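Note that the chains take the letters A, B and C in the order they are written out, and that residue 1 is the start of every chain.
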Amino acid sequence: MRAIQDFFSRTLAYWQAAPMALVFGFFFLLPLAATAMVSFWEYTEYSIEPAFVLTNYSDAFDGCISSLPDLCTTFRTYLSTLFFCGGTWLLTLIIGFTVAWFLAFHVRTMTMQIVLFTLCTIPFWTSNVIRMISWIPLLGRNGLMNQLLLSLGIVSQPQEWLLYSDFSVLLAFVHLYTFFMVVPIFNSMMRIDRALIEAAYDAGASGWQTLWNVVVPLTKPGITIGSIFVITIVMGDFVTIGIMGGQQIASVGKVIQTEISFLQFPAAAANAVILLISVLLIIVGLTRLVDIRKEL
Amino acid sequence: MSADNTKGSGKNSGGYSRRTILRGSAIFAGFAATAAVRGFPAVKAADATTLRYLGTAVNQSADIAKKVKEDLGITIEYVPVTTDEVTKRIITQPNSFDIVDSEYFSLKNLIPSGNLMGMDAKKIKYADKITSVFTTGTVNGKTIGDQGTAPKKVFYLEGQYSKKFASSPTEWITLIPTTYNADTLGIRPDLIKRPIEHWSELLNPEFKGKASILNIPSIGIMDAAMAIESAGIHKYADKGNMTKEEIDLTIKTLIEAKKAGQFRAFWSDFNESVNLMASGETVIQSMWSPAVTAVRSKGIPCTFQPLKEGYRAWASGFGLPKTLEGKKLDAAYDFVNWFLSGWAGAYLNRQGYYSAVLETAKEFMQPYEWAYWMEGKPAEQDIHAPDGSLLEKAGAVRDGGSYDTRMGAIACWNAVMDENAYMVRKWNEFIAA
Amino acid sequence: MSAERRPASFYWLAAFFALFVLFLYGPVITIVTLSFQGPEGGLTFPMRGFSTYWFSKLWEGIGVVDIGAALRRSAALGVVVMLLTVVFSVLAGLGLRQRFRGSGILFYVAIASLIVPSIVVSLGIALEFRIVDDSIKAFGDAYEVGWIQSSYTTIMGLFTSGLGAHLTWTLPFGLLIMIAVFNRLNPAYEEAARDLGASPWQTFRFVILPIITPPLIGVAMFGFTLSWDELARSSQAIGAYNTLPMELRGLTTTVTTPAIYALGTVTTGISFAVILSAMALTWLIRRRRARHGSDAGKGMV
């Protein structure tokens, strides 16, 4: 009896992690292994053949060396994706931090906090499919924004850069993902002992000094987790970039999706593997800076 | 908040999305036939008289399902997905449907998978009445353009489970046509204010920032080829099957136009093309006939502009999964036979598509309807959509004229090229440029 | 921060927050406005009249029943995904408090599950289930299992492959949040409970659970919302019958009337009602708890 109990308490962590591990194993790792395997297969115009070739990878980097200093398609696509990733990360971080700050330190009752949080989540309950369509009447040539700007006399011509541009893509990303940043940062902020802040004030620190030297370091876990959410989602996105960029802006996800819809599974698989490796490198880089698991 | 829902852009989107019922209600009503919660895997025997119909929402009309139920007692369960999903599901989930409505040009990819079977012509009552556009590639005895994946090239299989297309008629048919039509440029005459006669206008700097093409590589590149050939830059041997050099040239021309700011946006489904045009974001773009009607029904002037170089055509049809057998197989044949027998054909013709067997459809249409839709004559009375909404007032003439004129002026068909992989890579380069 | 008077920064931040909320509501406002288009109106501005025409269209012709079926499927899946996400995340979160062999792998797998483009995951699952289907059929043929031979089609479905696909999307979020929560959990509480003779289960039930309840509500809401709106992972893995976003996706490619906005308005209205009742419920529970005098979990949303 004692032995059994010992065995269980020694291996308890494994049992606890098992359900999630099984789900990931069956629904993620196995499919992923299949994907990795397929990325080495050959494909012709009409069929896929088991093999071990590297052509899918070399095709992905086709002309990347020879066309230097011009960037090849893949580098250009990654550069564009990284640009949106960085831009979105910075914007969501600034906005998300400010919003979380307000909710954590200026809203006094928990009920009010819940009310305001809910207020922020309601827009996401309208199907994303329908929300996406509504950007055109909002930002288009004859859209609400342009009408507003025209009637206020701020501009004399409808502004075209509002839609189908880098601007609109960033706007949509910020719209979709700021909340992924707010929630974890808010969580971290709520765990800061209020006495610390008062102590900082008492010691004569200004608001900014308190913010920079006390609050930011203490919210680092929240910032890290929010950053992981935002960076990983934006790196794999193709819908938002597609719709808001008028399908004229490249993204890694879009390349993969195009290849899949043309049934070029091996090429898509190879690109997916490349994407996975590059994003994992970013994450590993982050974990070098801070031990995420400990800091979370 | 899903990061990546599929903004449909598979090569299939071309054909499917366009086959659109003009009124949303009819489409929504299509779900009347969808059964209640059915989440659990279908391990028990499904009801033999229920057919799971995979396709896009466009052909999945509730009226058709209701009529089938009345006439044959077969329940149609629609599974609406986006256009590129249809192809992918045939490849990845061939057990998830009993009948599929797919596009002819994707057959080159689908047949080698072995997931579809040839349909027995002996069991198709109207097999020999199917329009000659499919069987021989002719209209009224006149041979029409067959560049690209013309249906006649992929209409027959060498055997029921063969993975090879037959060059001459056999008794095994790949897909039984449901709808087909020919596409050209749609324009906003009120904003362009001059006649448009050539595909080359698509790349005319006059419309800088106001033009659009399809972001479905295999189809978009053909639209571009029509424009390039029309501008006298290059004459293609087969726009639906380019050489690598031709692909390079076409993409290079597109990249130059893109860098010069020619395009406002690219579109990939029916609804996007209508929105772009109706909101005035674009004034000229390749377009489908029902999309033009949809813009016009909002009171916005829009023309489906016939051009000197002709049309790019498309077609889709019913296919059966190889695993279908027994009662379900019989029911599927019954349904296909019913579909060809006229009622459904008339229903589709009234939406601006063309049906597979013209003579049976004619019996179900009023003479004035037939004259307007098929003969290109001025409407004697107001023209209504199947749901009763007004499409055109008396006196209107259909853009592009009669069936014979339209189908007779086909220049090429939607296609899958031999250099498909290379083309897709170059297309990605174009998007990234 | 218990000053009686609001500092000036409060008003700046409040204004910033209000602008942010306005921004979040931009598309929703557009959708609601345009759903009242006149009968002639389209999907874009200008408004051509003002009417409830498209709502009546939605009601009569659009077959509310059928959208209803997809809605029920999505809701059922969403609830199951939500529950499993909460349970599995808590368990894994508890387990990952210790570093054991493989714990790092689990963590990185969870991260990777977020990264890999959803369409790739979806495709992988579809291929996997086809292999399973084929194996079952081969088994049926080999051993002449009657019912497999005669009626087996596929085990793909909403609650097999579909559920799995959704979990690969929601679990990473749940896990990351729970790790963050447990890292901050002061072990003194548990030690105190143990010292007082509580069994591990009692410690969990009466000490840990009350503390982690608020973040758990967050995980649950994440889980449901992510599943509810999920499209790409479902696309190849859901089996024959569609979830609501897929059905809508199929519709939006073809519907070009404001009826689609009317549908958006109606679903938003329903969501609103659901959330309000959920909030009322939490409020009631909170009041009950307040009466019982427990302050566990305060300040830990």
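Note that a residue touches a chain if its C-beta (ideal position, glycine included) is under 8 Å from a C-beta of that chain, and two chains touch if they have at least 3 such contacts.
This is a predicted model, so every value here is computed, not measured.
*Asks:* Find the chain most remote from chain C, comparing centres computed as mean CA coordinates.
*Replies:* B
*Asks:* Quick check: which two chains are joined by the most contacting C-beta pairs?
*Replies:* Chains A-C share more contact pairs than any other pair.
*Asks:* Roughly how many whole angstrom separate the Cα centroids of chain B and chain C?
*Replies:* Using C-alpha averages as centres, the distance is 36 Å.
*Asks:* Distance from the CA centroid of chain A to that of chain C, rounded to the nearest Å?
*Replies:* 17
*Asks:* If I count partner chains per residue in chain C, which residues reach a count of at least 2?
*Replies:* Only 43-45, 117-119, 123, 127, 225, 229, 231-232, 245, 249, 252, 260 qualify.
*Asks:* Can you list the residues of chain B that touch 2 or more other chains?
*Replies:* 1-6, 88, 271, 275, 279
*Asks:* Give the residues of chain A touching no fewer than two other chains, as numbers and ranges.
*Replies:* Answer for chain A, listing residues that touch two or more other chains: 124, 128-129, 133, 136-137, 140, 142-143, 233, 236, 238-239, 253, 257, 260.
*Asks:* Using the touch rule from the top, collect the residues of chain B that touch chain C in their complex.
*Replies:* 1-6, 8, 13, 17, 20-21, 23-46, 52, 56-58, 62, 79-83, 85, 88-89, 92-97, 269-271, 274-275, 278-279, 291, 294, 298-300, 323, 387
*Asks:* Touching chain B in the complex: which residues of chain C?
*Replies:* It is residues 40-45, 48, 57-58, 60-63, 65-67, 69-70, 72-73, 76-77, 117-119, 123, 126-127, 130, 133, 150-160, 162, 169, 225-226, 229-233, 235-236, 239-242, 245-247, 249-257, 259-260 of chain C that touch chain B.
*Asks:* Tell me, which parts of chain C touch chain A in their complex?
*Replies:* 1, 6, 9-10, 13-14, 16-17, 20-21, 23-28, 30-31, 34, 43-46, 87-89, 91-92, 94-98, 100, 102-104, 106-121, 123-125, 127-128, 161, 164-165, 167-168, 171, 173, 175-177, 179-181, 183-184, 215, 218, 221-222, 225, 228-229, 231-232, 244-245, 248-249, 252, 260-261, 263-264, 267-268, 271-272, 275, 279, 282-283, 286, 298-301
*Asks:* For the complex, which residues does chain A have touching chain C?
*Replies:* Going through chain A, the ones touching chain C are 12-17, 19-21, 23-24, 26-32, 34-35, 95, 98-99, 101-103, 105-106, 110-111, 113-131, 133-138, 140, 142-144, 147, 175, 178, 183-184, 186-188, 190-191, 194, 197-198, 207, 221-222, 225, 228-229, 232-233, 235-236, 238-239, 252-253, 256-257, 260, 265, 268-269, 272, 275-276, 279-280, 283, 293-296.
*Asks:* Once bound in the complex, which stretches of chain B touch chain A?
*Replies:* 1-7, 9-12, 84, 87-88, 91, 108-109, 112-113, 209, 215, 217-218, 258, 263-268, 271, 275, 279-281, 416-418, 420-421, 424-425, 427-429, 431-433
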